[in-house]
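As written, the chain order gives the labels A, B and C, with residue 1 at the start of each chain.
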Amino acid sequence: MSTDVPVAVQPVPRGGLGRMVGRRVVDWLPALVVFVGLVALWQGLIVWLHVQQFLLPKPTSIATTFWTDKSELWHAGWYTFQEALGGFALGSGFAILVALVLARWRPLATALLPYAVAANAIPIIAFAPITNQWFGGGLTKSSKIAIAAVLCFFPVLVNTLRGLTSVRPQDLELMRSYAAGNVEIFRRVRIPTALPFIFAGLKVATVLAMIGAVVGEYFGGALNAIGVLILSRSRVFQFNEAWAGVLVVCLFGLALYIAVALIERLALRWVPSTSE
Amino acid sequence: MRTAALRLGLFVVVLAALWGLWEGYRWLWIHEGWTWPFIVNDTTMPHLSDIFAALWGSASPGGVGPRLITVLVKGALFTAKEAAAGFAIGALVGFALGVFLAHFRLLQRGLLPWVVASQTVPILVVAPMIVVWANPKLPDGLKDWGAVALIAAYLTFFPVTVNTIRGLQSPDRRALELMRSYAAGNWRILWKLRFPAALPYIFAALKVSATASVVGALIGELPSSIPNGLGAQIINFSQYYTTEPRGLWATNVIAAALGISFFLVIVVVEKIVVRRAPENYA
Amino acid sequence: MSVVEISRVSKQFGQTTALQGIDLEIGEREFVSLIGPSGCGKSTLLRIIGDLIEPSSGTVVVNGKSARQARNDRDYGIVFQDPVLYDWRTVAKNVALPLEMARWSRQKRNERVRRMLELVELQGFENHRPWQLSGGMQQRVSIARALSFDPALLLMDEPFGALDEMTRERLNIELLKIWEASGSTIVFVTHSITEAVFLSTRVVVMSPRPGQISELIPVDLPQPRTAATREAPSFFELVTHVREALHLGHDLDRAAPVTQEAKA
């Protein structure tokens, strides 16, 4: 945000793709070091202290299982990911739409915001068995898409509403001086102001979508879904396989999160803190 | 006085609108025979009045035994205990980790991505393994519910850590320079400037975490066959859903009430502790 | 022909009377400053001219039509105390904003933006983001934006209030050049006496509670005004005149019963 305090002139960030990538690698180096360190520590503890491998196997044996079962794991993960992605798109899209409609009548939006916030505090995950029942026992993708969508809906709704209503009054006054109509104010002021908020909500939703799909599968899902796979394996004490499945879920969840974060970076290059 | 009446009025209107939406949707879909996205009938969407009536009815079919609401509130209290313990652990650990990472920037860059990644772990499927692993190590008083509290803590710490870092780093340069001009050391800057500046951020996170701790407790209970909490009721009623759908809906009503109460407690505490406009922090 | 005609304008905010019985006529190519202590309603009056606030009573005619019609016809540009630039637009796009809203073609827009940035001496900063500029530069962008569509009237609400004295004096001279070159009429709100005298062809001195005009002081300093103008004896005389007019209003204000301060 600009303030009326003079700030130093900063150069426009420039640089070729190569330099950008180079900088990114340096940025991620500490994270990589920590990762290698943690995995090594985990492996070392199990090997040297002779921890029983029953619950938490060595990273190497998980990795081996991951590699040998990769096609089955990948397919199961992809199946669940489709459910999560469908729910994410449906829930977030609907939430943004509802927020836009509500924000059209600003007093309505501000009056309803506390209720949306309160609804956001409901443990919606407990509805998973109900959405399973809606779609005939839960063997379909639709039931998981439904619970993932409901989970994504409220965080995105709350954030979008907050963003759309947190426009600075002077920004609106300028628009008024141009005799701007409602549509124009939305397009040129409210939506750009709301975008950082919307992306914050979307990032929360990515994680929820994957969790929603997996929890939905816990209450009954297709046999080729990753959540069902993990459960069935851990019930027969195949913990290598179960952990490899957990890893797959993490990877898909992270992929969705990173995808949204990347789009955010591209769309919000103007936000001071993201281009630093 | 007038605003209070207005708020109450709005509350009633919102509730009525939600009720109208539910019943209207029900009526329209049943009347038109629409089957998309799902078939509406008394099983998929019971009358709201039936759901609330079920709360006052008997818990087990046949009309004997305690009222459903008694059973569910008991379960909710047990789950609340787990969630509260998990919330306390998670908030403390999250705050400590946040202070630590805010201070050591390099560690922050190394660890923060994994803190984010940790939230993509499907805790539901990991929960039984945690319970099996933790239970033998816990003293008798903590058995079962202590393990679930750990799972709740796992979902709680993340928002607190992230917002603590953001909040501690929020004071601008001039505020820091003012502290330097007083020759304040790092600890004094932390307590006199950074921590107060971070409070609104931390409370924003605590509100998210309060809900997350309830979710964590429920998710922890589901697969770990602990019979006392709401999680067990969810499993129980989901098995009888086709014959008695109102039980699961009623359980969800209580679970929702639990989540909202946890959230409201933090809102009230925030009102007392932070005397600034708090709603501006997402 | 007068650009702004204000007759018997009053404005109430709840119990507080922000403006009472304002009559003011502003002619073509005039540079009129509104000056007064905080709470005298000078910003409110400016916003009433721009139809950003509606008067409780009285009429405002801008360019021979109602203030509402003038706003809808985009007859005026406005500069606020805050630069009010949109962070999501580059400097060039911020200047182009009113042109986009008036549906100018891209080519015409680019051409005009280039000229405007030249006018405020910000060539080379087209692709910067507002937050990458200093406060003075941001305010210059805001002026370029207000002037970009050749409005007959420019409304300025303490545009240099947040700037340091040196930047302010430099921008004062720039503003006079722009005024000269663009041929527009300017209504300028300030609480700096020297700024008002240096810039204006006429100073409107206002007093608070209720906000009203206490004196109209014509400024007959020679044009164009330069740094030397500030050192001329006639400049000091006018400054003294305005100061005394302000103090007179202030003394009246002290004698008046203390009421709640109006938000100016």
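Heads up, the rule we're going with is that a residue touches a chain if its C-beta (ideal position, glycine included) is under 8 Å from a C-beta of that chain, and two chains touch if they have at least 3 such contacts.
Model, not experiment: these values are computed from the prediction.
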Closest chain to global C-alpha mean, per-chain Cα centroids: A
Chain pair with the most C-beta contacts: A-B
Rounded Å distance, chain B centre to chain C centre (Cα mean): 52
Whole-Å separation of chain centres (CA-atom averages), chain A against chain B: 18
Euclidean distance of C-alpha centroids - chain A vs chain C, Å: 47
Interface residues, chain A side, partner chain B - complex: 27-28, 30-31, 33-35, 38, 55-56, 111-112, 115, 117-118, 120-123, 125-127, 129-130, 132-135, 142, 146, 159, 162, 166, 197, 200, 207, 210-211, 214-215, 218-219, 227, 230-231, 234, 239, 242, 245-246, 249-250, 253-254, 257
Complex contacts: residues of chain C adjacent to chain A: 50, 52, 71-74, 76-78, 80-89, 97-98, 101, 127-138, 162-164, 167
In the complex with chain C, residue positions of chain A that touch it: 1-2, 4-12, 168, 170-171, 173-174, 176-180, 184, 188-189, 192, 195, 270-272, 275
Contacting residues of chain B [partner chain A, same complex]: 10, 14, 37-38, 43-44, 106-107, 109-114, 116-117, 119-126, 128-129, 132-133, 207, 210-211, 214-215, 218-219, 222-223, 230, 234, 237-238, 241-242, 245, 248-249, 251-252, 255-256, 258-260, 262-264, 280, 282
